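Both complexes below contain subunit A, partnered by subunit B and then by subunit C.
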Partner chain A sequence: MNAKRKTLPKGIAAGEFDKAIKELKKILGNENVLEDELRLAPYNKIMMPVPNDQHAPSAAITPASVEEIQAVLKVLNKYKIPVYPISTGKNLGYGSAAPVQRGQIVMDLRRMNKIIEVDPDLCTALVEPGVTYQQLYDYLQERKLPLWFSCPAPSAIAGPLGNMVDRGVGYTPYGEHFLFSCGMEVVLANSEVLRTGMGAMPNSNTWQVFKWGYGPTLDGIFTQSNYGIVTKMGMWLMPAPPDFRPFCIQYPNEADITKIVDALRPLRIAMVIPNAVVIAHTLWEAPCTPVKRADYHTGPGAISDAAVSKIQKDHNIGAWNVYAGLYGTKETNDANWKIIEAVAAGTGGKIITEEQSKGSQALQYRFDLMKGKPNLGEFGLYNWRGGGGSIWFAPVSQAKGSETLKQMKTAKDILGKYGFDYVGEFIVGWRDMHHVIDLLFDRSDDDQTKKAYACYDELLHTFAKEGYGVYRSNTAFAEKVAATYGPVKRSVEKKLKKALDPNNILAPGRCGISL
Partner chain B sequence: MNGLSVFRLLAITATFVAAGNAQADSSGKWQSSQEVYNKVCAYCHEANVAPVLTGRNLIPQYIQVIVRNGNRAMPSFRESEISDATLAGVIKLVSTSAPGALK
Partner chain C sequence: MDRRNFIGTLLASGVLGATLPAARAADDLFLAGANRVLIVGQSDQPYALELTAQLGRVFTAAGIPHMQVVAGGTELAQVAHVIALLEKARGGRVIGVMDDAAAVIFQELAAARGGACVLSTHHRFGAGAVRHCCTSATLEAGIVWSEPISAQAGRIAGVYAGAIGGRQRAAPTVPATGPADGGPASLVSFLINT
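== the complex of A and B ==
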């Protein structure tokens, strides 16, 4: 065995693994099969509260084409070696670029980064897995195409395909990313290449414009799953509106969340506000302002409510800070602006316009995200606790005021018990909300790391008991999260896995699916 | 000509701001080390999110290790994202820069 090898896939003998690696090198070339610990290091930088070893890859491969992927899968099937596909690999706080289980080979698709087509008439794009949002942004800028896309906060370094297959969200009217994808190309475990929807038909030119095709619509089973390797994705782009008016509305009290949600829901459902409204808590805004936690709280334990109030006063941050935008023509936006003003006045909120936001870092990055302009402003969050520990706890809630206050209080109590702050926001989808909480901890501190694990566990199970499930999970908790959704769904998923990947070589364990 | 011109009309008042002063590039290949700095590092290191790197004579080997391994709040970057050769250029740029020189 390669003397330097420290990690192997579960149940695979070193000699067999060496043989497989040799065959992979023949397909991909030596430099595209990474085995040395040093070269594998970037694939093992995680933020989750579990040891790195638990998610260490045995190797990484960087194929450059569908044909190479097909050939690789033949080898992996032969040796029954599991592979974990990533696209841009920036699933930070959900598992980063590391495999869900120790020893899996990471299949890094970042080199497959062609923007295959942008149709300026139909406002569609077809992209490969390695395309970043920054790259797509540059593409549209260079060609002066007045088209916008929606991106998540780590936009500059993440990408549309990886984000969409994990069912991520963004902040323009196209923010529910899976909803605005249209057509996928998927390499199946047996090396067959499936095009979904209209793409299945030879010579079709409607792949990126009509989602459903004929018969069952299959796209959904390739998101948050391990049934195939997605190698192309169609996505819809939004015509840049002639007039874009982002705004923030600040509210002074935590309990205001109830009336905020109830006042905004009708506007969101009726699409007066067409984008995902974000309702961010003080402690999400503070680190992005940036405010230093140490100036308000020292020692162990969660920050006090009094300190949070002081931050609000010192830095003009609301208890809740609502972000949304109007997208239209000047005339329609003028008309809708009156509605926004009336709602703010009626609920005791203070409006901050784009003009008034100048100079505020926290507002600026949000306003940029609402028009799909890449930035990394939200990484300010990691300076709050320091130490690079983060897992997202993101239960889904109804867009009803009473629900939000209940969820927020439950989360805050549990976090406080373990000494963690409530750093949360609600993202109003359409009728739902993603209640996104960043469980921030110092990963260089063993005690905090253990507590973060226990805290997530308690959050997950307490919320599940109330009937609240998370929209997505980090890889360390994939199995536990899957269990909260009940046995029937899991047994169907297993049957599909058996049918599509009988050797269980594609990311076994992802989203709790394995044979 | 086609729908595009309609969009142009529609978008007459829409603002488009080019990303920094870097030469835009959508080919998926970095054109220069400065481009990597502008479109990756600077979003954090020139934006109050991460410590300023310029003007500190940071040791090249140190930068290399931090970028590949990540460190605490700093994410890691893979060869598939920034190749060794390109990273070497970024490191040179950063380690020899005057304070604020790369903004």
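== the complex of A and C ==
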């Protein structure tokens, strides 16, 4: 056995593991099988409130092709060794690049980073897992293609395939990323390669334009799951509109969230506002402005409402800050702008246009995201508390004012009980809202870390009792989140797992699915 | 981003074009050195500058080839700028001293290029004291200690020098009596093998 090996997959003897590693090296080359603990460090860097050990990998491999993945899976099936595939591994706050369970081998797909095709007429792209949003953006810019994509906040370093597979969201009219994906290539546990939709048919040229194909639509089962390794994804790109008019509307009071949502919902459903509207709380905006928490609160516990009000006043930040855009021609946007002005006036909001926002970091990164321009502006959140701890709690809500206020108050009370600040925003889909809360804590402080775990646990279970489920979860809580969705769904998921991955080698435990 | 795209981005951003002749000569000497260390300090964080300077002094005394650069928080949030720094450190080591947000960006971009963060320390400042929490892939648990701010980062600089020299310095013996939760400032330092 490799004398330096500290971590093994559960139930796998060291000798068997060594044999498997030897075979993997034959397939991938020594340089693409990482065992040294220093080289494995990036795959064990987490921000969650649990010990690193809980998510330590036994090794990492970096295949460069579908054929290599197929060969690797044959070895892993033979030894029944679990593997945890990642694309760019930037799912920060949801588990990053670390495996869901200790001892799994990380399969890092970053070397598979080709933009295989962009069709400027049909506005489609086909990409591999290692492609980053920044890479795609540079590709489109270099070729002067007037096409936009939707990206999440940490976009410059994250990638579209991984984000879609985790059902992430962005901020353009194409912000529901899975909805705007079209066609996947998936390597199954038995090494078969499945192309979904029209891709299943030999010589089809409609893989990236028609999602459904014939028979059951399978794409969904490969998102937030562990039934296959997605190696290619089609995505729809948006023609750059002739006129783009981003704006912010600021509201002075926390209770304003009710009227904001009720006023904006009809505009969103009717597509007057076509993109995912963001309604960000003061404390989401403050770190990105940037405001230093220590200038307003230096003791233990959550920041006070009075301090939050002072931040609003000192830095011209609303209690709620609505971000949206108009996408169209000058004529259509002129007409819709009058509606926006009327809604803002009727609800007591103050509009800030792009012109008026010059010099504001917090507004600029939002406006950039709404046109799919990758940036890292939101990383300012990590300076709010400091210490490298962050987990996202993301319950879904109806797009109704009364619901949002109820969720916000419940979350704020629970967070406050454990000494954490409410750093939250609502992202309006069409009829739903993703309520996204960044639970920020000092991970170098054991007491805060324990409290953060307990706080997330209470948030999860309190919301579940009220019938609110989360749309996405960090890996440490995957099992608990899955349990909130009830036994029948889990039983079906397990049957699918047994059928598609009988040796349970693909990321067992991801999203609570395992044999 | 492939290398061609990366170079294009740098040229467009002026990151490469801004290099002065004298600085370029220094770069050439630095790049030629073996076991070299690039120390990147955040210019708008006073303690980052202090620790950067202290690291320089300790490394000079230990004969470790190194180069110090400073960058503002805004620059450290730009992909092109961070990649330029990583490119400069390619094949060697880089020590960063910066705020939490910049540290996450730097470490994630390094990881995407195969770099491994082998040592990371979180620094929390309270009234007159700084609490250090040092973690490493080779340590079972983090090492935590506190010292007066007036200690001028001598001990932490020594830990990095030890790590660069291939020897993990012994755990500091000063007990953790760090500032309370909510200490007014927070910083991160880290060592990456590029």
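Basically, the second predicted complex is superposed on the first by the 515 of 515 C-alpha atoms of A that agree within 3 Å, B and C clash if a C-alpha of one lies under 4 Å from a C-alpha of the other, contacts with A are read in each partner's own complex, and residues count from 1 in each chain.
Just so it is clear, a residue touches a chain if its C-beta (ideal position, glycine included) is under 8 Å from a C-beta of that chain, and two chains touch if they have at least 3 such contacts.
This is a predicted model, so every value here is computed, not measured.
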item: Subunit A as common anchor, with subunit B and subunit C clashing or fitting; value: clash
item: First, second, both or neither for A:445, with subunit B first and subunit C second; value: second
item: Contacts of A:393 with subunit B and subunit C, given as first, second, both or neither; value: neither
item: Contacts of A:330 with subunit B and subunit C, given as first, second, both or neither; value: first
item: First (subunit B), second (subunit C), both or neither touched by A:420; value: neither
item: Touching partner for A:45 - first (subunit B), second (subunit C), both, neither; value: both
item: Which of subunit B and subunit C A:120 touches, first, second, both or neither; value: first
item: Subunit B versus subunit C as contact partner of A:463, first or second or both or neither; value: neither
item: Touching partner for A:244 - first (subunit B), second (subunit C), both, neither; value: first
item: Which of subunit B and subunit C A:37 touches, first, second, both or neither; value: second
item: Common interface positions of subunit A, toward subunit B and toward subunit C; value: 38-39, 41-42, 45, 88-90, 92, 97, 110, 113, 134-135, 138-139, 142, 156-157, 290, 374, 376-377, 379-380, 382-383, 386-388, 443-444
item: For the subunit A and subunit C complex, residues of the former touching the latter; value: 37-42, 44-45, 52, 88-90, 92, 97, 110, 113, 132, 134-135, 138-139, 142, 156-157, 290, 292, 294, 297-301, 374, 376-377, 379-383, 385-388, 419, 442-445, 447-448
item: Residues of subunit C defined as touching subunit A within the complex; value: 1-2, 5, 8-9, 73, 77-79, 99-105, 107-112, 115-118, 122, 124, 131, 133, 135, 137-138, 142, 144, 180-188, 193
item: Subunit A - residues contacting subunit B, complex; value: 34, 38-39, 41-43, 45, 60, 62, 88-90, 92, 96-97, 108, 110-111, 113-115, 120-122, 130-131, 134-139, 141-142, 144-147, 156-157, 239-244, 290, 330, 361, 373-377, 379-380, 382-383, 386-388, 443-444
item: Subunit A-facing residues of subunit B, complex; value: 2-4, 7-8, 10-19, 24-26, 28, 39-40, 43-44, 47-50, 68-81
